[in-house]
Amino acid sequence: MANIPQKIVHQYLRHDKKFPHVWCAGCSNGIILGAIIRAIASMELNRDDIVMVSGIGCSSRMPVYIDLNTMHTLHGRAIAFATGIKMHKPNMKVIVVTGDGDCTAIGGNHLIHAARRNLDLSVILVNNNIYGMTGGQCSPTTPHGAIATTAPYGSIEPDFDICKLAIGAGASFVARTTAFHVTEMQNYIQASMEHPGFSLIEVISACPVIYGRLNKKGGAPQMMKEFRDNSIPQTAVDKLPPEQVEGKIIRGILRREIQPEYSAAYADLIKGVQESAGGEQ
Amino acid sequence: MLKKTTSNSTKAKTPKAETLKKKSSAKKAASKIVELESNLERKTIIMQGNEAVAYGALDAGVNFFAGYPITPSTEVAEILSAELPKRGGVFIQMEDEIASICAIVGASLAGAKSLTATSGPGFSLMQEGIGFAKITETPCVVVNVQRMGPSTGMPTSPAQGDIMQSRWGSHGDSPAIVLYPDSVKESYELTIRAVNLAEKYRTCVILLMDEVIGHMRESVRLPDMANVRVINRIKPTVPPHWYKHYDENQKYLSPLASFGEGYRFHVTGLTHDAHGFPTNKAGEAGEMMDRLRKKITYNIRDLVQIESHQMDDAKIAIFAAGITARSAKAAIAMARHEGIKVGLLRPLTIWPFPDDAVRKMLRDVDTVIVPELNQGQLIHEIRRLTKDKSESDVLSIRKVNGDLITPNEILRKIKEVI
Amino acid sequence: MKMEKSYEIRLSGSGGQGLILGGIILARAAVLDNHKVTQTQSYGPESRGGYSRADVIISDRDIFFPEATNFNCLLALTQEACDKYLFDLRDTGILIIDTTFVKNLALAADNTYELPFTEIAQSELGSAISTNVLSVAFLTKITGIVSDASLAASIALSVKPSFVDLNIKAMKLGFKLAENYGR
Amino acid sequence: MSNKVTKDRMGMIIKEEDVLEKMEVEATEVKAPAEKDSPVLIYYNWCKKCGICVAFCPTGCLGRRSDGSPYVEFPEKCIHCETCDRLCPDFAITGAKEK
């Protein structure tokens, strides 16, 4: 018995839940969940002090499987629920798992305002460029020209650059990686949880069964290979000629700055108000 | 059950020492609340309905408010933004009403007593979140100071158009607890009751207010804090592995753990089993829906409050809620002066509808008049309950133009009947 | 105080004249005199201009309907308000108008008191800002609805600390105008 | 044994218990490698045969059966890099630490 290898991820999964999980073959959500678990494990956090909140969508099914305080909420509203939790219990780590449609379409308003407040949430945005759970409709991140069930002639809309959006809204930690770069992803997740302020990690993920099939991307391995070959680290961007950067996924921590954090600022406000009230006597 | 009661049945009670301590610390603060709490025994002061809601919330132990400005409910947020930090509570102005309801549900699951206040358009936006609070059985309170609609309507004019929305507004058909005050003092009392019921029954309780009551100032004497009964949620007393987020017992009231207490439960808006994990088995889904219904129907005696005003010898009954009931009382005074025997039945708990009480009271009268500031909502509930009466014996007064129904209009209707 | 069943007062004018604050001051003073009171208001969306009214009902019984329908006293600070509400004044009711703005009185009531309150506030107090307190003080003296001391205490509780002195001055001026009215 | 598949609210297919049973049957049909010698442990019940582990194994240690499922073809090639472990979306491969 002693020789049977133990997988750290298994210790964090809810053993009484249905496995194999709900996601299609080759879907990156499992890889991302694994990276989140390894990040939590390597930080040696008490899992009672972590809340994972999600919205609606494929990636938002993650909380069911992980043995933390978990919450599966309304479409687009994960960040709003997380705001309530974090503000009432500022000492808890709050992770938000959300998708591209969930977070930037219906939940776009909550994203930009949480980023503006710089509330200490770790938002892991799984960007698979499509609405997978409802069967492949186009999302705000569906690339121009890509096929979706509601864009059968190719999407004519420009797509969001989520990281730029978050930076523009004031997020103090913004990073991008892909589902293939799994160790990098784990490190970014860990860094985001250590970062005091709003952090967003955009994980470019593969949806081979729906997005891949509609757009003839091949199977999961092919899509993962594309992530590997078609992405460059941010540090290399300046060194390469522009034509080699064009159309590539740029990975890396795109912004990391320490700014006043909202729940801490509110704690200061409470302290100030209570002190001045006490002094007026 | 038929008599109006001001105190709530309760088991839990705030410890007295804590109450007193809270008082003395609040005394130091220079604010409106000085007038409220300068004496251990509260004196008569002048207060607005919305203020009464805010102070009711504070006295009930609310320590989390998330909201979005909307006329005519804004005063609630303004007061709480000043008062909550003094008590270590959280006030946050969210980006919209949807975010507000979500934030209070999140905070409640983290252990807060939470409340939000809004009006018609915001209430419409909150409906999905209210449904989430109901299916996940998360305590929270939504105050809806009704204004005239539809859509933007008349923001500073009264209407009672959200009576049915507060019951049926959220998709997917779930029971509701909705309270409806008719005065500033009752706004205070029912806010406390709403928070208490939310905690006890683990659901989203709605407090319906009229714009006039929200903005009206009245002389009130609030009860001393020592007389305010506060109910807190039942906490689990089993080890984490045995905890069921939706436990069953005879009264359908189950303990509620908070995030961060070691129970590590899962909450989902999907149909779920007793542990809170999603299920699509018909048996478990049916059980869950039954639970949501039964915790209201089995406890209806605890939930229903109704005021009976001069009904003992009445031949004509007026059924009205909120501000319209006050017009009715004025009309009754005038009618009685002329020797007409009229009485009033007023629900303080409008949902669940006080079926039994209404049926019983209406049995003895010949005619029922239902005045309301909408195009006819309560009238249908009354018609449902008075099957033995003909159409002409159940009369409606409807008015939706931004003005109140005046006592004279009701009196005129009374005189039409006799 | 010669109280009937209840005493209904409507303060009317346009937004920005401070009538709602005037209503609150009057209502709070009545509470200090141990009366029961309700105060309601109606106003347009703009903070300045537009219509505005505040109703105060003072009674020693429970007040059911909180809006004034049949006033014992009407204060009108603008022509429009005067024209709009004059017909709801009781036959025995008291009408107080600000002749700065009310130039044309369609219907002469028996008990009409006319004074250019805004002009007086401007010239005597240096600003039209306390027209509300000036006219409410005048009203209380004429009607005797609340005591002088209660009104003073109510003003101190209702306005910002830095404005208390100005408003007390306005109140005293209002009392003086009432005492000397018609002499 | 019916192959009952239902759809949830958002249209995603949820596998019922009987589907699970079916997969268990399949798992017994595929002969797992002798655990003692294997550098990785594969839980065939959980494997969805996406092929990622095989595609990215840097040494070509893993092979693919005709049904798509992976197996350890050349145990001696394993360098214990755990790439398959990290990249498996189904938590179905566990990389053993080097002895």
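Per-chain residue numbering starts at 1, and chain names A, B, C and D are given in the order in which the chains are listed.
Keep this in mind: a residue touches a chain if its C-beta (ideal position, glycine included) is under 8 Å from a C-beta of that chain, and two chains touch if they have at least 3 such contacts.
Not measured: the values here are computed from a predicted model.
Chain nearest the geometric middle of the protein is B, using mean C-alpha positions.
Counting C-beta pairs in contact, the pair that comes out ahead of the other among A-B and B-C is A-B. Between subunit B and subunit D, the centres computed from C-alpha atoms are 54 Å apart.
Subunit B has its Cα centroid 38 Å from the Cα centroid of subunit A. Subunit B and subunit C have centres, each the mean of its CA atoms, that are 35 Å apart. A separation of 84 Å divides the Cα centre of subunit C from that of subunit D. Counting partner chains per residue, subunit A has no residue touching two or more of them. In subunit D, 14 are the positions where the chain touches two or more neighbouring chains simultaneously. Listed for subunit C are no residues, as none touches two or more other chains. Of all residues in subunit B, those touching subunit A in their complex are 25, 28-30, 63-64, 66, 85-86, 88, 90, 92, 94-96, 98-100, 102-112, 114, 128-129, 132, 259-270, 277-278.
Put simply, subunit A touches subunit B in their complex at residues 14, 17, 47-49, 51, 53, 63-64, 67-74, 77, 80-85, 87-89, 91-92, 109-110, 113, 266, 269-270, 273-274, 277-278, 280-281.
Contacts from subunit C toward subunit B in the complex involve residues 23-24, 27-28, 30-31, 34-45, 63-67, 69, 157.
By the touch criterion stated above, subunit B contacts subunit C in their complex at residues 35, 44-46, 155-157, 212, 215-219, 323, 326-327, 329-330, 333, 404, 406-408. Per the touch definition, subunit D reaches subunit A in the complex via residues 10-12, 14-15, 20, 23, 35-36, 40-41, 45-52, 54-56, 85-92, 94-97.
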